[in-house]
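Consider the two complexes below, in which chain A is the common component and chain B and chain C are the respective partners.
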Partner chain A sequence: MKSPNNDNILTLDNLSISFGGIKAVDGLSLKVNENEIFSIIGPNGAGKTTVFNIISGFYKPDSGTVEFKGRNLVNHKPHEIARFGVGRTFQNLELFSRMTVLENLLIAKHLYVKTRFWEELLKTKNVKVEEARAEDEAYAILNYLGLEQYAHIPISEFPFPIQKRIELARALSLKPELLILDEPAGGLNMVETEELSTIIQRIRDDYNLTVLLVEHDMSMVMNISDRITVLQYGKEIADGKPEEIQNNPMVIEAYLGKGAMHA
Partner chain B sequence: MIFSLIVDGLAVGSVYALVAVGLVMLVKSTGALNFAHGDFMMISTFVAYSLLVQLELPFWVAIVGALAFAAVLGMVAERLVIRKLMTGPMSGIIMGTLGMAYILQGIAKIVWTDDIFKFPEFFPGDFVKIGSASISPQSIGVIISAIIIITCLYLFLNLTKVGTGLRALTQNKTAATLMGIKVTKVYSLSWALGGILAAFAGILLAPALYLSTGMGGITFTGIIAAIIGGFGNMFGAIIGGYLLGILSSVIPVYIPTELQGIIPFVLLMLVLFIKPTGILGKKMVKKV
Partner chain C sequence: MINKTKNRFLKYLPIIVIAVYFAGPIFIGEYLTYLITLMAIMAIVTQGLNVMIGYAGQFSFGQPGFMAFGAYIGAIVVSRMPWIPFPLTILIVALASALLGFIIGFPCLRLSGFYLAMATFGFSSAIFELINYLGPLTGGNEGMYAPAAAIGKWKLTSTDDVYYIAAITVVLVMIGVKHISKTRTGRAWNAIRDDEIAASSMGINLQREKLKVFAFGAVLAGVSGLFYSYLIRYIESSYFSAMGLSFFLIMVVGGTGRVFGPIYGSIFIIMLPQVFGGKFNQHMNLVYGIILVLFVLLAPNGFYGIWDKIRNKSSVNMNLRDKLFSWIKRERVK
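== the complex of A and B ==
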């Protein structure tokens, strides 16, 4: 339950994890508000993806908590966290490459389609109704992202940028409240990246969700983020609104470099 | 005569196909090549035999009992052996499943002795005359049963949510997890299914052959069928199974008995010489 004076959807508290003596994330605390686009930036190896992997349950932190809608996610398995309403995409894509686009989106249906397996084998009326509903929902997402014409084509046939968009569509099929995007603009050209920026903002509004973003494309991050946290060596060195981050001398020195002032 | 040999070959091939499909499904879902698969088959068939002949239970009770036993056996094996070894190197899984094979053989020898047993025929009746050939009803029954079983497996994997989960997991474990699929549950389910397929194979094979604790050697025939068909492809495994069945039924007529045992291996080498990835196998593309 949400208390009225607290609209954090995600709270990381004093999160730490080490790999072989190296602190990948070191005492990280942050609060993400409902419905905002929150970005984590930092140089390569700063621990950004590690934070994502902790949130989605692939890593267990050495200490600290991850609170999502008032529930501690630490000690929950990735599949449970997905069911709680956390969807994500990956830097290097994790799709079912031999399935079609539509099939990829329909995998999540087992979470909300309530049918028994003998009904499914017999294709009862109930099953047909539920499956038609799941398909309608999947098509709605595909339409929304302009992918409907690809519905019946296997994933492996598409170039990388389209696969990235498909992965985004599939993350939406989970009906997440928190959408975690790991370098969604990686491998995209400038036009595609601008398009993606618009899409992410639209998704946030239309699907009424919160976006947590890791991205190297600084113009995109500065454009669409409500707030930003900067990591270096697993530690937070700054946080604030995009303009604050852009003008923070520590950030400029540690990461952005002089050129970023003009970004 | 060649026609009746082919039908017999199809019957044996049906069994090979069931074994090969089970093996491939386990490889795809849990990455484990199950060297105990044939011994799952052997011990489940002995359970069926005991229920049917020793306890004199009705035919369908014996089958359901043996299938249930096989499903539980598969789940126990997955939980106790495979799940632990899966995270380690492949050699661990190989030795682990080989170990299970020996354990199951040992248990079977204690419970049922080393003797051979005659398993009752499920499909009795007179030979069917088609032209000059005569076909045993058992062979026809086995072929039809196998087709029904494989169809059911196909429908299960493609129409049900659990089946879809299993297919998803075989393609991408991380993505499956991300979609809320409980991976351990799917592992367990796939091993239960693997056990059931093995038990079906044994029940169909036993009447044509004598029942003995040594029949688990069929694992290797199943692996060869799977490789011939294109390892990792379930449909290929079925083709490989039938091909192997037909050829090992027809060829012995033309060669000395002593050479019968090498037929699968020679066929394997021939196929791989012509197409190294097997009949339906795709070229391995390294992901960069």
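== the complex of A and C ==
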């Protein structure tokens, strides 16, 4: 395994957003180093998904900045942020469920298929070459994640855990430098979760990217994270290495409720 | 064996239809040629609607407006500059329609579904008003003569001439759309139809793709409007405003989102009154309305959907299920 170096790839600075009086994210700052697996954890409604939605451009923060590779992402649209190199998955899946697995991955090749509209109308040689290349690349990722035999089956025919993995494959097809995963182990059983932990670490190393993870499965988070930030009511209440977080009384209290410490 | 033959037949049916299209005028009389030309013209404009709605999920009631725009632009330009050869007229109309598509598309970008439909309906109405208002240019309510297609001294005034222009175009349009549907832009349009959030996080610029599909639909409507003016040679805005429902009917009956749907749909819609004739024509809109409702309720995917159901009985889909099932079993063992 590569050891994370200390260059920041993503810096959140004093990020805040509120929805009708509720402060979903409240003055959050954090730095994610290149090549590390960084986790954000916290109870339901803590604001984790909201942070992801701000980073990927779906929400505009009330204040604060999101700096990715030295560029402020605030005010950029989601498709631009994807182009800058941020790929994501969604807590509740956003797959194109009527389409096949391969079609889903090919859509993620939008930025890499270099063809013009009129060339596509005529299906010129360039179109054939580019399409074939995109398909090869998509198959390479399907192979990598053991999904190649499902390439031509529509998404809706798969059970949830496989759909999760397909969404991961699709995000990877974007060739992101920062991969943000919102509860990738949601709905997975223990064996599948362990398998996923290995996959995420492998992806980080093989594709040389940085992973920002939101996950409720604590064994997974503690196993694979280089560093962790804990959110509660949109505020950071702790950050550090997994063992520091595990023993932090604030965190235990946030998760188990007041009084847990004394019990 | 029989299934295989049937599948092969279904696969080649579009080509057979196209061949019949071309051989048409040799065997049939002028009236039937006229009807088939009308089918081709309807299939072109409906293909635009089909791409907008079936491929990209952008509801548009603007097609009659764009069609009228194409017809009038062609007639106005060519009546002033009769020396323009008709391929150039087609190009001019296509470019003007694309430009108008962008202009109309822009304020519509933030709208979707019902609101988009209403806004584009408003656009169509505005076009008709404008045509009536610009009397000196368009003849206003009276309508105007549309010059025939011409190259140099060679005037293409007969129905057969228009037939060939429209038939060649409809084939090219079908091939182009087939290509688009399998490549980058078609996939992006499908993506914004199904899930804008996912599409944009895949790097797809929603606004750009919506503008593109708006312009594409506008071009097909404008060009088919021009051909319509070649066919009937006298245009009034009311001809176009009366067509709005037909395009939807053709699209739905043929099969929304299917490349050859508009062809089958327009054959059906144009032959129906011919077959029944007489009384039927007096109540045509009523019958069309009922057909639309029946299709939406019973066969929402049109003729293509019905075929798919027939084809489901063949081995193709069973294979998929078997594959899936065997995989689930395997996963459980692990």
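Quick notes on this structure:
Simple rule for what comes next: the second predicted complex is superposed on the first by the 249 of 263 C-alpha atoms of A that agree within 3 Å, B and C clash if a C-alpha of one lies under 4 Å from a C-alpha of the other, contacts with A are read in each partner's own complex, and residues count from 1 in each chain.
Just so it is clear, contacts are C-beta pairs under 8 Å (C-beta built on N, C-alpha and C of every residue); 3 or more make two chains touch, one makes a residue touch a chain.
Worth saying up front: this structure is predicted, and the values here are computed from it rather than measured.
With chain A as the common reference, chain B cannot sit beside chain C without a clash. Of the two partner chains, both chain B and chain C are touched by A:R83.
Touch criterion met: A:V191 reaches chain C, while chain B stays clear of it. In the superposed model, A:I153 lies in contact with chain C only, and not with chain B.
Of the two partner chains placed by the overlay, chain B and chain C both lie in contact with A:S56. Which of chain B and chain C touches more residues of chain A is settled by the count: it is C. The contact surfaces that chain B and chain C form on chain A in the two complexes overlap at residues 56, 58, 77-79, 82-83, 87-88, 90, 94-99, 106-111, 113, 115, 117, 120-121, 123, 170, 174. Listed in rising order, the residues of chain B touching chain A in the complex are 155-156, 159-165, 167-168, 171-172, 174-183.
Those residues of chain A that touch chain C in the shared complex are 56-58, 77-79, 82-83, 87-88, 90, 94-99, 103, 106-111, 113, 115, 117, 120-123, 127, 130-131, 149-150, 152-153, 157-159, 170, 174, 191. In the complex of the two chains, the chain C residues touching chain A come out as 176, 179-180, 182-188, 190-191, 194-195, 197-206, 212, 320-321, 323-324, 327-328, 334. Against chain B, in their complex, chain A makes its touches with residues 56, 58, 77-80, 82-83, 87-88, 90, 94-99, 106-111, 113, 115, 117, 120-121, 123, 170, 174.
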